[in-house]
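Shared chain: chain A. Partners: chain B in the first complex, chain C in the second.
Coming up: the complex of A and B.
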């Protein structure tokens, strides 16, 4: 019966291998350690969220908000991050000093869904659940941005980031934008990976 | 006697289904993400000091931003991180950098998986114990198609193949997944997912060779028709030399060829349709014990298994409206297997349906239905290995229902569900589970689960008559032990308890710990059921010791896995894992089992450790090193071993890459598992060169 190969075997042992592999293990870690000291010299690569931060700023230039979205003519354009902030300092550095259509652009990190006119761009961290509830509770004039899942658009979000072949792309739900009273420029629609009506 | 292979069937239940744990889109299935890598890389904003820092990025246009290559290979890292299951995702990139030329070798990258190469074309693969050549109780799927045979509830690894570059990822779930995945997802699930055709556009040609991989070639062409329709076709072939045989019976040479295609169509991200298929033909050398009631009674035959087959799968998914989507999948699979002592032709048809609905504010309900028919024709080759009846049609009908409930804010979630299944061998069986997920912060996840899973019986337990030659008596009458078909074999049962924790420490260290206690009963045993008697059917007269496959074993396994990843620098990544397993199996008081339990316990390693390092030495130069340790397998007489692999790849230009791969480098050869008649087969040190051209 050797049908099932876990059957015990009765055969002489021939242990002729052996080499002490732990040496290579230490070698590996050593290599990496020394490498880390030199790492600053290596070429920097761009992280996904740096690019996403730059996109967020760019979006403000290609979206037309209804008047009702702002407190007054001088109110800034607020990019709000709801939930865990994946951008670190990158978003602040990118937005710093930017003025779009005569309005300053600022970053806010919030823990609760925003009040009316508080945010013009709302980035919803993927940690947030009950997204559809939050999205429906928002006043008009909020450009909602999510990442990582088709569901965000299905639940009424306007823009959703996706990673495709190591590039950051985004999908647009144009119906949701209209509901929000936002006008998206044709250039934004063209760059989008896909546009749902 | 050795066995067959081929087939596939099993319930699949849609690869997607596990998505419902956290609501991913079905066509993509499963946590698409990489457990380990992603968080590290995606969440590491750099300072503004470099050429590509924020000050530069902010000046780029929309179009330019779309062109930047970013460091995260993963799609949605959060999903795996926040799943209440012990999942590990092997990415396509990791597979490529490992130099693995086939799927079983790639599985070494996942913690808690026991991969042991028996010879050039056979593996023993287990998850959390129970490693055997047949990989029973581990459900394996390729793009939603169950590649697992109802003949014996296991997988023939040597016929599961595709172009390695086309694999998007392999999701390995340790622990029972029966609620979603169905029967036989007892110890784990291995879900192999190939890339969408839109991600394999253009031409790819790779070829190479070395001492073991004597020659291989892969050709793939991807094209598109308009924006929404993409396709690819491929061809691959290889020839592989035998491993190290101390008796020079180099029977395990291996030659194979495979072709296939995939077409993906989508509309508005709301509707998608995929159709794909493969055909293969191979000769895999093997050594088998052919037993017959006529002299010479038992004969070791070195010959070729002639293996061929084909499959076609189609899948349609549609979002009916927000928070409500459905998927339907159907496939047909054919396998032909002709071995020196056994033959089988099997046709399998499978249909699955899945729907996911958001219900009330905090609930997501998934449900599904599945049906499968698998017709097997067992060809008698030797009289010591037959099936009664020789032709059967196995049936499987499943339904599942699962509810994902948000309990407190976004922090606590409960998933409850059960599978209902019925086969031609069983009445109604339930596979319920409860999973609790707590995410105190975005960087920590704690989860716990209880699952009940079953392995339903297969043709082997119910219809199989298998004889083993013992001796010839002085009067010249041959003496055999015979396993007699057992129509009363019951499903094997598992109650699994799991606890897991994941944490991102700082920006660069990620750790995942999973522990388990699995209690089994009604496990497969090999029982002596009576005294020897004289039998003359079939002639000539012989003595038979009657035996039977029964459900005589029970016991538990416990253990855990720790996996960690550390990215000390952008160009360097270290990964490590350690897996511990303790198995305690024995026979129940009324069982007549003779020594099966120690064989099972002694065939899975108690300790496994692995360490990998990946370096991007320059933009065009990659170096990967890996080291692994596997403790002894007393049941196979295999001592502990450690060995390592290395790969150096040089990208000559945009289209052209050369890589050098060495595997099992630390000794001339080492055995990893028994299983073939004769002395243990040593797995050789090997090397190959590969050139890849893509356009």
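Coming up: the complex of A and C.
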């Protein structure tokens, strides 16, 4: 064994990395890494909507849009918020400066259902009543994200946030995605709480 | 390595082969193992990085949406890699999202590092792989890989190499034992032959050539060398024989020279140029009184002094070396031998020169000139005796010619030496008695001496003188008679005085007889006087005492004193007369026969006489065993009584200690009376023996005649008496008597 030298290695202290499971801590870190969020607000309470805002951005990284979904090759990926905006400035802060697949990511707040190629991600606020109608009115290539009940997916939504064990998770309607012409990454599918065909 | 140096070549060769083989195998084995481990390490690193990329890609979503479950599922697939110990996925903030631990393993999750990193540590490989999503680092994958795989490979290789090594060594050992014979056989043959040559000194032995390689050349060279040595050895032996022959000749020459030197009468010493003695003949040894001369420095053994100045004379060796010529020592040199005796010597030294005149040393020859000196001295002594003699000493040749003429002859006969030497001896003969000389010379020529005879001779002035002549033959060194020496004494005066002497003798005889008669008369008178005076003295004494007894009451003090004085004086007078009588008696009674006198009884009697004073003074008297003499009894009591009595009388503060000793020598009897008394100063040693000589006046009573009696007694028998003493140190009276008195 003369050819190999022993080198002692300090073992990491595992307790330092133990996670207590509260939303606030890991969400804060999530925000820090996903957006150009200046972590000076570390001590602020991370809200459910901040997490969701980060998820909205992350979805764009696991979804492949058809060419037709964009105006041209340089068009940004627009995350549109329809109806009442629950995120406040959080979404803007997360999205700022983000580039996915060569496209900038921008936030748009809209009152009316978007036009074709206007939005690539559409967050439908839960206060919107006629969701079914809005969803059907949309053109192809829009990743629709809703919140709360199964209804959103049943009515043709693609992704729906759910709260499970105080964690923000999401369900996916793969059929709706295919209808929209979106290709969802298998990795995204694997992390979803449930996937409907 | 030094023990290895002495092992036989056979073993050295074996060792070399074995070591070479083992080293080669070990090196190649080690090379293979190292190379393999390096290649395998690269392969493993690439494999792990690929694995990490796959897992990282598969867990981006899990990280993005913080979904540990799916991450764990992804990691669970790693079960297929048995050497992976643990895999951990960390979030960007460093907290852990998910981990995989090999079943049965017990390990913590290693810390993630900043970038892509592969670390080989001990038995493990640690890989830290950043997980990137859309250009952002979303987390880190850490893999800990077990390298037991590598170690197992190394062990396998090691075992293989070791096995190969053992087998190869065995094969090499077996092969080499056959192969090395190729080298070893000729070499050991050479070694054996070299050993037998060096042991037997037989240079005719040759080695057998086995091969044509270097060893063959070596054998050839060895044989050639032996041949060379053989011929040189022969030459050497021949040269040695010649040299021995030469040496023997030299030895013979040397021995004959040494015999010569040993038998000559002079001392011979030779030295090297440093002055160290290389040879000394027996005479030199004897003269220097030193057994070991050779090897010493000459100056140590040969000391030469100038006899007159006592200064050290320069060593002849250094003188010879300095002057390079024969040198002689000056006169008056003496050799101081090792025991300090001094011998006058004649000495000369010469350099010993080798080829080319170089000085190799010195030779020193010296001889003892004591005898010559003595002869010279005797000659001078005789000459000066002859010269200073008042007798005429004249040498006469057998032909009757005068050959020597001393000053005495000049004085007696009036001729100077120059006038007489060479003339006929008849020069001093009386004309009418000329004919006696030829007769005398004829007798001398026959070796006869003519003892003293009286004759007459004639002086230069023509006066005829009476001479006494003695003639004796003169011999030369060979004992031949060459002439006569005539000693003549002028006895004219003597002849005249003889007559005068006869006259004087007759006168002396007469006066002597007168003296003897008067002396006898005197003695008789003294005897009679002292004897006859006793009677009236006794009468005075008796009547004085009667006077005292009868009329003492009637005397006044003065009258009493007068009478006392008369009594005292009378008593003293009587003692004086008794001593005087004793003194006179000693000379008398010459006709009475002698008797045996035991001196022990005499001393016994004396001690009885002196008992009172002995007791009074507490004297201690010791007496030797004394002899019995043939003498008159009456003489010895006074002798001993006076001597012992004096010792008691003249005692010091201490009680007297008196010792009477006797010893007998060949010719005389010697008595001594020793005391510890007041002693006698030397100037009185003679006087005390005179009659009436007293040293102490009236404080010690005595007649002053005691020692005179002693002397008279001792001298009466032909002895002598004297005293040895100092004032205050006791006295020793000694008297001797002739041996013949012994009974």
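Here is the rule we go by: the second predicted complex is superposed on the first by the 152 of 197 C-alpha atoms of A that agree within 3 Å, B and C clash if a C-alpha of one lies under 4 Å from a C-alpha of the other, contacts with A are read in each partner's own complex, and residues count from 1 in each chain.
Quick note on the criterion: a residue touches a chain if its C-beta (ideal position, glycine included) is under 8 Å from a C-beta of that chain, and two chains touch if they have at least 3 such contacts.
Here the structure is a predicted model, which is why all the values come from computation and not from measurement.
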* Residue contacts on chain A - larger count, chain B or chain C -> B
* Contacts of A:111 with chain B and chain C, given as first, second, both or neither -> neither
* When the two structures are overlaid on chain A, which partner does A:100 contact: first (chain B), second (chain C), both, or neither? -> second
* Asked: In the superposed arrangement, which partner chain does A:74 touch: chain B (first), chain C (second), both, or neither?
  -> neither
* Asked: Touching A:188 in the superposition: chain B (first), chain C (second), both, neither?
  -> both
* Asked: After lining up the shared chain so the two structures overlap, which partner does A:58 touch, if you call chain B first and chain C second: first, second, both or neither?
  -> both
* Considering each complex separately, which residues of chain A are in contact with chain B in the first and with chain C in the second? -> 1, 3-4, 6-9, 11-12, 14, 17, 19, 29, 32-33, 55, 58, 62, 98, 167, 169, 187-188, 191
* Could you pull out which chain B residues touch chain A in their complex? => 1-3, 23-25, 41-46, 48-55, 57-58, 60-63, 65-79, 118, 124, 130-134, 199, 246, 268-270, 289, 319, 322-323, 358, 361-362, 406, 409-410, 413, 439, 442, 460, 466, 468, 481, 483, 526, 566, 568-572, 574, 595-596, 598-600, 602-603, 611, 613, 615-616, 619, 625, 627-629, 635-637, 639, 641-644, 666-670, 673-675, 677, 679-680, 682
* Structure fact -> Per the touch rule, the chain A residues reaching chain B in their complex are 1-15, 17-22, 24-25, 28-29, 31-33, 35-36, 38-39, 42-51, 53-55, 57-58, 62, 83-84, 86-90, 93-95, 98, 125-130, 132-133, 147-151, 153-156, 162-169, 171, 187-188, 191, 194, 196-197
* Mind listing the chain A positions that touch chain C in their complex? => 1, 3-4, 6-9, 11-12, 14, 17, 19, 26, 29-30, 32-34, 55, 58, 61-62, 98-101, 167, 169-170, 185, 187-188, 190-191
* Of chain C, residues touching chain A in the complex -> 33-34, 37, 57-58, 60-62, 64-67, 70, 73, 90-96, 108-111, 121-122, 126, 133-138, 151, 154
